[in-house]
């Protein structure tokens, strides 16, 4: 699926997930997802909050699976591990999800989150999704 | 700190964090935090979303540290690992955070999330916080 | 399976795994596995090495699955997460594995490793096993 | 430090760690560590065991820190997370450790383990080390 197809799929199946992030690139085994700066995602000190970064990592991996597999609404996260590496600035951040394994039942990838200007690494996550039987 | 003191501390330092959860018990090395059912936290299929559960686990550990250490606004999460174990129902869920280590620089705990009626385990997380030097 | 049955099962299927640990208790959803002190498991500074503790956590979870399910030689670890919390002494350590989920395809548990005299927590792990279809 | 310097450092400080792996490349922020095939590292089914892969990931990160920082004998692993992705063949495997953060107190990296012929990804780990104050 392309970025537009993913957006239309979300509009039908999961409208509340739309809009807070933006797919900025899809490559063979990778997807870039940008989280625009917003007051809502901040924590004290003026930096992007940990939960916002966790949601971003999880979402980037989900969209990468949609891009690879087509509409699998029922893929569910089974585990997520994240290291927070540097305090993010009050600015856009970008997640790059990379597919490490796409099996019949499980998909595993990692997600590198940087400042959107291509600067320092802010966080690194590993995410596992369970795929529905029909896939 | 008591639940009321934690709430007042949040009101001063981090007002946007208030209100979405409720501390329901504080014991010696544990804290219970309830996430009331809300449309906002749902994902397709009508269950509490993964990001809501991750934020709940992170928050429960933060409040446990506040309860043990007093006001440490600058404690920051350095890593979080979560296994999603069962699809949560469309109902309240409750996280129980347990302290495993409280060192000078790092605090580590785990968080068990169940349906709030004391039923099935929904998720299990491990959370590490870095503590500021002054603590 | 009992501790003796597990040992006989290992003697047939995986003889090199025998002997370095000892099952000291099996309860409904838990299993205690002791790692006797040995020069081989040490790292500089005279403490039990990280890899020895990781192998202990993985093994404790495997034996708990054998105890619950009977002989499932082909259960394989799909992920393991461990926090090392305190420098272990040069002494026996004991792992307690606890089952959090036993599904058709996946089993998840956590493992608390203490000094064998019931003292301080040395490490805490989360372990996921994939179960073979026949189970 | 070069591969030879690391080996001499181990000979002095941690002789029992020598010999089971071989550093095959050191780049700016990465290190390749090969685990030669050996009967000792096998599990039933003739594949490299999970504990051998965990020890390999941990060791690759440790050697990368030695290569970057010089002799820091007292760096200790504080957490390790690993996903086992494919059953490894009965053959050499190679870990590539990559540095994601080198702070004053903590270093974080990830480790990709492949079959040594550059083939399929076998496992992926995230490793955190605590650095001693003097570094």
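As written, the chains take the letters A, B, C and D, and residue 1 is the first residue of each chain.
Heads up, the rule we're going with is that contacts are C-beta pairs under 8 Å (C-beta built on N, C-alpha and C of every residue); 3 or more make two chains touch, one makes a residue touch a chain.
As the structure is a prediction and not an experimental result, all values here were calculated from the model.
Counting C-beta pairs in contact across A-C and across B-C gives the higher total for B-C. Centroid distances built from C-alpha atoms place C farthest away from chain A.
Interface of chain A with chain B: the two copies contact each other largely through the same residue positions, with over half of all numbers used appearing on both sides. Separating the centre of chain A from that of chain B, both taken as means of CA atoms, is a distance of 22 Å.
Taking the mean of the C-alpha atoms as each chain's centre, chain A and chain C sit 34 Å apart. Between chain B and chain C, the centres computed from C-alpha atoms are 28 Å apart.
Shown for chain B are the residues that touch two or more other chains, namely 78-79, 81, 83, 128. The residues of chain A lying in touch with chain D in their complex are 81, 83, 85-86, 100-101, 108, 110, 112, 121, 124, 126, 128. Residue ranges on chain A touching chain B, taken from their complex, read 13-14, 16-17, 40, 42-45, 50-51, 54-55, 58-59, 73-74, 76-84, 87. Contact residues of chain C toward chain A in the complex are 78-79, 81, 105-106, 128.
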